[in-house]
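To keep things simple, chains are lettered A, B, C and D as they appear, and every chain counts its residues starting from 1.
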Amino acid sequence: MSFVLDIVTIIAVSAGAFFFLAGTVGLLRFPDTLTRLHALTKADNLGLGLMVLGLLPHAGSLRDGIKLICVWLIVLLAGATVSQLIGYVARREGSRP
Amino acid sequence: MTFASMAFGSMTFALALEIVLAAVVLTGAVWAIAARETLPAVAGFVAYGLLLSLVWVHLGAPDVALTEAAIGSGLTGALLVGAAARLRLSEVPMAVEHPGVILRMPAAVLSVTVAAALAASVLLLPDPAPTLAPSAAENAAATSLGNPVTNVLMAFRAMDTLLEKIVLLLALIGVWSLAPDRFWGGRPGPRHYADPQGVLAFVARVLPPVGIIVGIYILWTSADHPGGAFQGGTILAAMWLLVMMAGLTDAPPVGERRLRLLLLAGPVVFLVIGLSGLAFGDAFLAYPMAYAKPLILAIEFAMILTIAVTLGLLVAGPPEREPGS
Amino acid sequence: MSAATVFGLCAAVAVGLGLYGVITNPQPLRKVLAFNLIGSGVFTFFGVVARRGAAAGFGGDPIPQALVITGIVVAFSATALAIALLLRLFQATGSATLRADASTSAGSHPSKL
Amino acid sequence: MTEFLTAALGFILAILAVGLVRILRGPGDADRMMAAQLIGTSGIAALLLLGTVSGVPAAVDVALTLALLAAFTSIAFVKKGTARFETDAPGSTEAE
């Protein structure tokens, strides 16, 4: 059982790390602000979500597991809000390359 | 040491990680100093604080990590951002004032010397290290609290914590006293406006309930696990400021009686319990053994409200609008 | 070299950087920021001392840890006061410089500070 | 398993460093804010990994605090950093 859980952890954390990488590469390489914003949200939502999923088997108790999920939900909510506000800023700045 | 049980190979692995972490922390620090504009510098400082709380976790001090994450990075960051935004106008002529090599060279030499002296003292720290941990553990039974740091803050060194509370109040009085006479008693800061149907108003309605639960949880858990009134109070303050930023509520007039009472609640409860220690126990701030835990929790619950209000008002700044406007 | 040593050296560098920033940066707000950097370096130094004093089943000596928590809060109140002073200076003189000769440049009313 | 998580942690820290560089270079405010957002999220991920690696369960509590405060600070950044577009901050009405 612990072997299966370890596999889950490795796959999920690796996938999460991949999305973080993808988000960062997008942030550095994508041509304009709004597409960069699109790349960023992938790191935020999926990257952290997969990390949390991968760490769940290592949570010491049910309470710790619930807290882990709460962390993700808070980041999700904040990320969605801040992305919208950034989009507004980007529109005001004009889409600089 | 967490990694002591591992093989030598993993030991160097862990060391490599520590060096990477230290390097990233210092990147944030360099950039907080070197950035040309103030806002990016503040962003660097916030990132530095965030990374520093990782360092604190790694140093086995999650209580401090919580404080650094909440106050050192988050609230200080918000304070600096607000100030930077207001001072943006004055930034342009400032660039001219940049000091020349004549000032910079000695400053660099001095800084390097101080840093080298500190580094040397790190390397020369006595071995075995002096520690008060055993005596903190021996006396833990006196309060029946499981968290040694809460024990130190609320029982062994309670006087420090009481005085620190008073320092916070004095700082707030200092900030308020900077208001021009005609604004005295008025509301701090400008009134914020935002689209009531907008995304900011939405998040300011959804996030604070979660934050209030987390803040109280951080206080509640501090009896036996890392946490405390400061950390919890900071979260509450941040949520209050968020609601203000979204324009859903306004900062209270500083002359309001209810507000004054809230500001005094924590220190007064602390003082009353401390003085009753003088009457019923052995000394000022001595808790009777049987009631130590409930008394400490009572102080902490009174304190969390006071701390939240004080920190929020410190960020909001001095009154800037005439009373009744 | 242990974790404590690595972060101790890191703390020393942070203090040096902060000191350099306090001296060389002309903007008062940046000086406040740099001063906070010095403070956090000193706190980290305390954390290293606490870590080395790990005993009795604790991850570190709780006394320096508690001192640092108090320190962080006091540093915050000092920062808040400094920034309020700075903003008042800006309001009163129209500029936020510490140079003596510049204080009357764009003054609206040299207020009683 | 610890080695794997430590490696993942090192990787996330590297990403965070890249985000730092991005804020420094800009070019626009929006890019800086995005990088700050990325730093916040990857910092939280690093913290969760670190808590598991060094066996500090309270790291989750720190992550909760950080998530709330990061949300608050980013919103303050976006709102105050762009105060020149707004009308509610006296002293910040500079032209675009």
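FYI, contacts are C-beta pairs under 8 Å (C-beta built on N, C-alpha and C of every residue); 3 or more make two chains touch, one makes a residue touch a chain.
Model, not experiment: these values are computed from the prediction.
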Chain whose average C-alpha position is farthest from subunit C's own: A
Most central chain, judged by mean C-alpha position against the global CA mean: B
Centre-to-centre distance between subunit D and subunit C (centres being mean Cα positions), rounded to whole Å: 21
Interchain centroid distance [CA atoms averaged], subunit B/subunit C, Å: 12
Length of the line joining the C-alpha centres of subunit A and subunit C, rounded to whole Å: 32
Between subunit A and subunit B, centroid-to-centroid distance (C-alpha), Å: 27
Shared interface positions of subunit C, touching two or more other chains: 59, 90
In subunit D, residues with contacts to at least two other chains: 19, 29, 35, 40, 56, 61, 64, 68, 70-71, 75, 79, 81, 91
Sequence positions of subunit A contacting 2 or more other chains: 70, 74, 77-78, 81, 85
Complex contact set, residues of subunit D against subunit A: 1, 4-5, 8, 11-12, 15, 18-19, 22, 27-31, 33-35, 37-38, 40-42, 44-45, 48-49, 52, 57, 60-61, 63-64, 67-68, 70-71, 74-75, 78-79, 81-82, 85, 96
Subunit B-touching residues of subunit A, taken from the complex the two chains share: 70, 74, 77-78, 80-81, 84-85
Footprint of subunit B on subunit D - complex, ascending: 2-3, 6, 9-10, 13-14, 16-17, 19-20, 23-24, 26, 29, 32, 35-36, 39-40, 43, 46-47, 50-51, 54-56, 58-59, 61-62, 64-66, 68-73, 75-77, 79-81, 83-84, 86-92, 94
Subunit C-touching residues of subunit B, taken from the complex the two chains share: 1, 3, 14-15, 18-19, 22, 25-26, 29-30, 32-33, 38, 41-42, 45, 48-49, 52, 55-56, 58-61, 63-64, 67-68, 71-72, 75-76, 79-80, 83-84, 86-87, 90-91, 93-94, 97-99, 103-104, 107-108, 110-112, 114-116, 118-119, 122-123, 125, 129-134, 136-137, 148-149, 151-153, 156-157, 160-161, 164, 167-168, 170-172, 174-175, 178, 180, 228, 230, 311, 314-315, 317-318
Of subunit B, residues touching subunit D in the complex: 2-3, 6, 10, 13-14, 16-17, 20-21, 23-24, 27-28, 31, 35, 39-40, 43-44, 46-47, 50-51, 53-54, 57-58, 60, 62, 65-66, 69-70, 73-75, 77-78, 81-82, 84-89, 190-193, 200, 203, 207, 210-211, 214, 218, 221, 225-227, 231, 234-235, 238-239, 241-242, 245
